[in-house]
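In the part that follows, the structures are each spelled out as structure tokens.
One chain, chain A, appears in both complexes that follow, with chain B as partner in the first and chain C in the second.
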Partner chain A sequence: MTHRLLVTGSGLSVLIAAAWLSATPVSGQSPAGPAAAAKPYKTPRTVDGQPDLQGIWTNQTYTPLQRPANVTKEFYTLDEVLAAEKRAAVREAAVSTPGTTGDVHYSGSEFGLDKSQGTLARSLRTSLIFDPPSGRLPPLSAEGEKRAAAFAEMRKKLGRFDAAQNNELDDRCITTTNAGPPMLPYAYNSNYQIVQAPGYVMILVEMMHHIRMIPLEDRARPPQSVVALTGVSRGRWEGETLVVETTNLNPTTVFGGIDLDAPLDRPAPFRGVSDKLKVTEWFTRIDAESISYKFKVEDPTTWSAPWSAELPMKQTIGPLFEHACHEGNFGLYNTLRGARAEEEKAAAGEKKPN
Partner chain B sequence: MAKLLRGFGCAAVVGACLVFAGGQVIGQTVTYKAPRLGDGKANINGIWQAMNTANWDIETHQAAAGPILALGAIGAMPGGWGVVEGELPYKPEALAKRNENRANRLKLDPEVKCYLPGVPRDIYMPYPFQIVQSQKYVMLAHEYAGAVRTIYMDNHVEAPAESWMGWSNGHWEGDTLVVDTTGFNDSTWFDRSGNYHSDALHVVERFTPRSAETLTYEATIEDPKVFTRPWKMSMPLYRRVERAAELMEFKCIEFVEDLMYGDVRKPTRP
Partner chain C sequence: MRAKLAIVAVGLGIILAGTSLRAHHAFAAEFDANRPLTLRGKLVKWLVINPHSWFQLDVTGDDGKVVTWMIEGGSPNQLIRLGVTQKSVQIGGELVVEAYQAKDGSNKAVGKSFTLADGRSLLLGGSAPGAGGDVK
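Coming up: the complex of A and B.
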């Protein structure tokens, strides 16, 4: 319990995601297709004639990025998903059992909004990844393996509690998986506000008030050496679909530090991608309350093939509140201070042999 | 207050009006007719930036050495005309606190720690910001710290909670975007010189197109805990007209971690 204060929101979600997987029926069901093909939705237009994606959206989901090893089908039935959501809600409530680590941190159901309490962007997919058809990431290339191993080695040498910089990006209030791209759900507050003006689509990510400003023209991009957390994005409309291509992603921070082999929203040290990474996103409004969000990740120096995933964004209630995380980040300071105090205590103990 | 604001705004109908910016007078031709958006409103979309020294000191000031010796001329403060009308009407005890802030600005200025800038400081920090104008919301997206304001153009409600950037309700008066902001905390400053406010701050801003490439920005500041009366500031804002102009990332948290957490960093052993 030395470092129990660092049981973060993201740590909490690991428990939840793991519970979801273990509670999910895994076999013996006939493969069910996606929801019946919907009538094509005529997207309303903004005053300047763009398809209108504006509103407050969430991509909160229980669906893992990668298909669990013991699941073979591509889709669950709606009944299976509803039953699993019910079980998850029970487990989320149980996280705040008095005397548990979760309770020491905080009760998501009391002080925040657990997934089960907010709007869910429900997907019947067994994994967000649909390509490769295995629902799992393609194997790393030889170069990708080497880079990932070197990174893991470096991580081992960095004591998490030695310095602020050795902590995850969310603990440091810099970014979360929500901002991406690709934009993936976080443990909570997976909310977005989309605003459009002539020539621009702006996506405000609630977590860390991250702004994605997407110009709707194929402007020049800065040199590859100039990187940013959310990269440099250029957008265009293809019919009803907003297509966004992003490069110049910071290879040390991309995916908000997500561990691609771990439950979806666990920030962990997968930072093995290269600066050649390119993410393409497709936003298509499929009804009054939903956007289909698909993305493709390409980095030939990391993976043996591109991979693609899909998750819905569901309209939810606003407003987005100011997420002033850094301004109140006492947790990080106190954690480091606690670690120094432990060291001092240990050193004093060593010096006191008699 | 409402009367005061009406008197402050330029008449949008006839002639030219003069806006005071400290000792300067901004000549404003109100005959300028801004281009329209599809909804008929003036189009003030774009990337804008103040070009003055208000973030150093909103009052008229001479050039001075900066607080960090090693930065030399790089860290020095350039002189500049104030952007406020007359003297800031501090209450006596509040002026004492301002002076204390000023003496300790390296330690106390929230900008040093990459904290959200508050209002109206967000407008004249030395970074561009982008206006994204839709019918329901006008967004102010700032390069500095990725700070952002949502201006609610319909469904006006009171601030639901206090915050760094406040809660902004907006409406159009002719071609002028009028923004009424409340719900502030007491943690932000007006500049690097210790000018400050309390949580009673109320800001009314007016963004008026004055040419294709400039806006007139005016703000009325009301804070009865700190000032004896409301006061005003004004300045032009300039469009960033470069073809490549776009907000770059300035997530400055990474740049202040050694400053803020350095004293609890594990000491390196020789």
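Coming up: the complex of A and C.
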């Protein structure tokens, strides 16, 4: 884990961010702006007449999923966000303290992985979640609590580095938070390509190279027992907005297998949802370079209420590159070897007479 | 007013610091923070693979013996996007790597930073062609 990958930076157009906030047609949550109200964006059309969402996009953002406890407002001012990003960019590039655990990492800056080195989809929201209005996940239902407790118990018995199976999903190149749905940014490589054809929308997710194939018709879904990493999606156009409803998600891999309620810098394994999880997404192009991406998560057996969030997708440079991730290649072996070496060291220490 | 702004700024800083989810795998489990190394050697191979690239470095010891080290680095996707490719990195060139050794004691390490003999960064990072070029 690195400090450098946890922090931020940027340099995006102020105008685009302001326009995004004022022109977001889907949420109705954004403050109105006089400039955007005067000039609504007209989404171009594909050859077959669909609103055109095609292109290379990123949802890399600094906005947390949940509103921090010390913040009560829904939006920051642009100045507040810009100032914070500036400070964060400095921290992002800073060298951490030699000899500390946090320092055991390659330099993110050298590998172009700092957020300040790529396109940023800036949001002025204080949290991606806007419903509940608290900006935080609703409380777990009784069943959700029970499931979470069972997961925690299991986790106590199985150490993180005891076996490959206990490693997290991204260690093993299975999936990250990027693919979704809902599609949430990861630490880096949060890039997407949208391609449209008659009757279909395809979303290519750079990491871990997932393909979301969305038929634009309400065709029959497989039974609930059939699950897929990115679920089974059906799309439709509502005016300028692509609406996608997804079911048949794998309860163990959804949200990249990460506990959404854990602090983001100390991720915990996801506590599970049920196979009744349904995710609805709304994609609306709001200017030549931005899409408003809004989603709603419903699983009454996990949360006491549905919850909704919104984040921008910003046009970035392409093409997408293959991310042929090989089970952590050397990483998985080395991680497990490291853990065994630590255990051997500890055992040898215990055996010493003094 | 000044005090109020400062509070907001601190709060926002904390929020942003915790924004990204995580690095790919648990480096602290793999590498030992108590085994820092500075390796000077010849780059013989760069494996441009995801999720982590690996650099093979031939290091000549004081006794003249050559020892091959494997050094872990970052995901190549963003480097390629910034214009850094296999062709940008000179195979055969001398490299200085600040690293931490694997906990199992093998000749593997994670490269904290990679510099050329003249002090320039091997991978250029933010100064690579196109770096920041996509920032609008």
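Methods note: the second predicted complex is superposed on the first by the 282 of 354 C-alpha atoms of A that agree within 3 Å, B and C clash if a C-alpha of one lies under 4 Å from a C-alpha of the other, contacts with A are read in each partner's own complex, and residues count from 1 in each chain.
One rule holds for everything that comes next: a residue touches a chain if its C-beta (ideal position, glycine included) is under 8 Å from a C-beta of that chain, and two chains touch if they have at least 3 such contacts.
What you see is a predicted model; the values in this text were computed from it and never measured.
Novice: What is the contact status of A:170 with respect to chain B (first) and chain C (second): first, second, both, or neither?
Specialist: Once the two structures are laid over each other on A, A:170 reaches chain C alone.
Novice: Determine, under the contact definition given at the top, whether A:120 touches first (chain B), second (chain C), both, or neither.
Specialist: second
Novice: May I ask you to decide whether A:337 touches chain B, chain C, both, or neither, giving the answer as first, second, both or neither?
Specialist: In the superposed model, A:337 contacts both chain B and chain C.
Novice: Identify the partner contact of A:155: answer first if only chain B is touched, second if only chain C is, both if each is, neither if none is.
Specialist: In the superposition, A:155 touches no partner, neither chain B nor chain C.
Novice: So which one touches more of the residues on chain A, chain B or chain C?
Specialist: Answer, by number of touched residues of chain A: C.
Novice: Applying the touch criterion given at the start, work out whether A:136 contacts chain B, chain C, both or neither, answering first, second, both or neither.
Specialist: neither
Novice: With the two complexes superposed on chain A, say which partner A:229 touches: chain B (first), chain C (second), both, or neither.
Specialist: A:229: touches chain B, not chain C.
Novice: Per the contact definition in the header, classify A:324: touching chain B only (first), chain C only (second), both, or neither.
Specialist: both
Novice: With both complexes overlaid on chain A, does A:278 touch chain B (first), chain C (second), both or neither?
Specialist: neither
Novice: Using the superposition on A, tell me which residues of chain A are in contact with chain B and, in the other complex, with chain C.
Specialist: Common interface on chain A, chain B vs chain C: 161, 173, 321-322, 324, 326, 332, 337, 339-340.
Novice: Mind listing the chain A positions that touch chain C in their complex?
Specialist: 1-2, 5-8, 10-13, 16, 61-64, 68, 70-71, 76, 80-81, 83-85, 87-88, 91, 93, 98-120, 126, 160-161, 167, 170-171, 173, 176-177, 185-189, 206-207, 256, 258, 263-265, 267, 289, 314-317, 321-326, 328-332, 334-335, 337-342
Novice: List the residues on chain A that touch chain B in their complex, please.
Specialist: Against chain B, chain A makes touches at 46-49, 54, 159, 161-165, 172-175, 193, 195-200, 202, 204, 208-211, 213, 215, 219-220, 228-230, 319-322, 324, 326-327, 332-333, 336-337, 339-340, 343.
Novice: Over in the complex, which chain B residues touch chain A? Could you list them?
Specialist: Counting only chain B, the residues touching chain A are 37-39, 43, 45, 114-116, 130-137, 139, 141, 146-148, 150, 152, 160-161, 163-165, 187, 244, 246-249, 251, 253-254, 257-258, 260-261, 264-266.
Novice: Flag every residue of chain C that touches chain A in the complex, lowest number first.
Specialist: Interface residues on the chain C side: 8-9, 11-34, 36, 49-54, 70, 72-82, 84, 100, 102-106, 108, 110-114, 121-126, 128, 130-136.
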